[in-house]
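Next up: some structures, all given as structure tokens.
Next, two complexes with subunit A in common: one pairs it with subunit B, the other with subunit C.
For the complex of A and B:
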């Protein structure tokens, strides 16, 4: 291992990490928002919309992100919809993430026993009060471990962005291997930077999972 | 503009080429999944062992798989081994190694979960009924473990198939690559083919994965309420 090479390429990796983190977290925040909206639509059984969302979830949960990105990035421009690689990355991540987040949140909502809303109603709470003060807080705390798992999954999925020529960590590593033949240094930096990106999230996930277990009521 | 590239499917043996490209990916995932399930049973059993060393090793292994994207692992095995050890592992073999390494950890974790989910009283009641240790495992523990495990391992198959789409990044010619080649070759006559062709690949993956995940969901529902 040549430390001079590493010192030389460190800035490139830092820049690539910045891009990956930016796209990754934007995509994650948007997919949580999308997931919440879709799960609520499914929960309240909004006609028509719930059918569309069910189809969307099945489609995006059963196809790889790489294929989705190819379709979005190379296919959509042929319809006249032109998007940059970055927008495409964020869009792709949001769509696949949204479908996973919806599933997680939906199962969180359905895990709340009907006795909860019945008791709340019998206490004289209004329907929207029941939902916002009784059902929703519990559903969210139940879903948090699932959300964390999805976040880690999505951050890992960002590694396919190099396929649509975004200069992310994989792209940088591939460049160094292909052009400079600095395989060992390139791979070493790649692993280190993915650790920097994912280890804190993974540790946080374990910590939060332990904490929210207290929130589960009744069992 | 008319057909958005669907016409290319009927040209020559394009569709067949795409299907055989899909088969490359599915073949890699099936081999990896079979290996993962076999090894995962062992790893999962090891994870429940109360030995400090084994426990630490297993935790480390799980954590590596949890954190490192499969793509990084692919790069390490495919590019790294050649450089460090001077051996040249074929792309398809390195894919199988990586996906088995990943799948074994996933499967192991599922097996561990299934094993520890069996409450103590099941063992104790079996003993109280005079069952031998072998009988306890064979007739009481194993059926319950399998009931939890089978839907989840079927689900692992779809995840494996989705993940193997990555192999194009280390130069394996699978369905995405074939499709790209077809689009490139017909750039002149069908300039808009990318839309229809990639939509087709999208649907191909969906048609392969959807029934498997439906089966897994169905079994999970059927076996959970008992």
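For the complex of A and C:
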């Protein structure tokens, strides 16, 4: 391993990390919003919309992100819609992330026993009060592990962005290997930078899981 | 007693789940301060009856009045009527993410818009009456089954209900926990609370009830004061049912 090469490559990787994190987190935030909206629609069984959402979830959970990105990147211009590679990456991540987040939130909501809403109703609470005071807080604490797993999954999925010529970490590594054959150094940095991006999220996830469980059940 | 004192009135109640008839032409009138115990074999419709009174189940025909207000599924008044009905369920229905005190004060504060300090003061008073004042900051999972059910009773009482419904509240408890919960209910009955109790605890039923209702297959088979019912039941079905609680070596 040549440390001079590594020093030389470092700025390129830092720049690529910046782009990966930016696209990754924008996509994740949007997918959380999308997931929440869809989960609420499924929970309250909104007619028609719930059917559309079920189809959307199956479509996006059962096709690879790479295929979805190709579809958006090369397919949308054919329909006259032009978007940049970045927008395409964020959109792709939002759509696949939204389908995973919906399932996580929905399963959290449906895990709450019906006796909980019945006893809240029997105390005279209105439906929205039952939902916000009784159902939602419990659903959130149940959803946290799946939610954190989704975030890590989505950050890792950003590695396919290179396929639509986004200069993310993967793109940078492949580029350097192709140009200069410094395979070991380029791959070493790739692993290190993915760990830099993901390890803090993992650790934060473990911490939050412990905190939420404490708050919820008083262990 | 005058009609004004009638807290609960049920006329020709008919309830079915699809083809499966649960309650047939059921009538009941409960006066203020009365303690009524409903017994009968599993699946006879006892629990469903309580759920109908609270509007948790829709009914096919008949009328239910609580404090002269009709209970109608989906009506706006239902939220108001439910405040007059306290209900305690068989399984633990406390909110696991809230402390005992938060469990008790949530509805009085959010539904009845009462002041936090006053509600908390009352909650602690009620808790100390059932011997659980020191548990006010505990979470439900830190309590025993019997303690949970006593908190659930306090939570219902804190809404100042006109009538309390108890749906087999000791059925899921270990035997040694049953006593403390039944004791709490006996004290409640002595204080003059109107109560409608579904239970399988026969000696408790005999001790607490003003009237026993015996239900079988969705019909009211027999209605009598407890002594009369337990010593000389009139119907064969009631006799048979009571025999299932007796054991003898043959």
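List of remarks:
Methods note: the second predicted complex is superposed on the first by the 214 of 219 C-alpha atoms of A that agree within 3 Å, B and C clash if a C-alpha of one lies under 4 Å from a C-alpha of the other, contacts with A are read in each partner's own complex, and residues count from 1 in each chain.
Quick note on the criterion: a contact is a pair of C-beta atoms (placed from the backbone, for glycine too) under 8 Å apart; a residue touches a chain by one contact, two chains touch by 3 or more.
Here the structure is a predicted model, which means the values were calculated and not measured.
Of the two partner chains placed around the shared chain by superposition, neither subunit B nor subunit C is touched by A:50.
Looking at the shared chain after the overlay, A:86 reaches neither subunit B nor subunit C.
Contact with subunit C, but none with subunit B, is seen for A:115 once the two complexes are overlaid on the shared chain.
In the superposed model, A:141 lies in contact with subunit C only, and not with subunit B.
Subunit A has more of its residues touched by B than by the other of subunit B and subunit C. Using the contact criterion defined above for the overlaid structures, shared-chain residue A:133 touches subunit C, although it does not reach subunit B. Applying the stated contact rule after C-alpha superposition, one finds that A:124 touches subunit C and leaves subunit B untouched. Every residue of subunit B that touches subunit A in the complex is listed here, in rising order: 4-5, 63, 66-72, 75-76, 79-80, 82-84, 158, 162-163, 165-166, 168-169, 176, 183, 191-199, 201-202, 205-206, 209-210, 213. Subunit A meets subunit B in the complex at residues 58-59, 61-64, 66-68, 70-71, 74-79, 152, 156-160, 162-163, 170, 173-174, 177, 183-184, 187, 190-191, 194-195, 198-199, 202.
Subunit C makes touch with subunit A in their complex at residues 54, 56, 79-80, 82-83, 85-87, 89, 91, 93-97, 99, 106-107, 110-112, 138-139, 141-142, 152, 155-156, 159. Across the interface of their complex, subunit C is touched by residues 113, 115-116, 118-126, 129, 133-134, 137-138, 141, 215-219 of subunit A.
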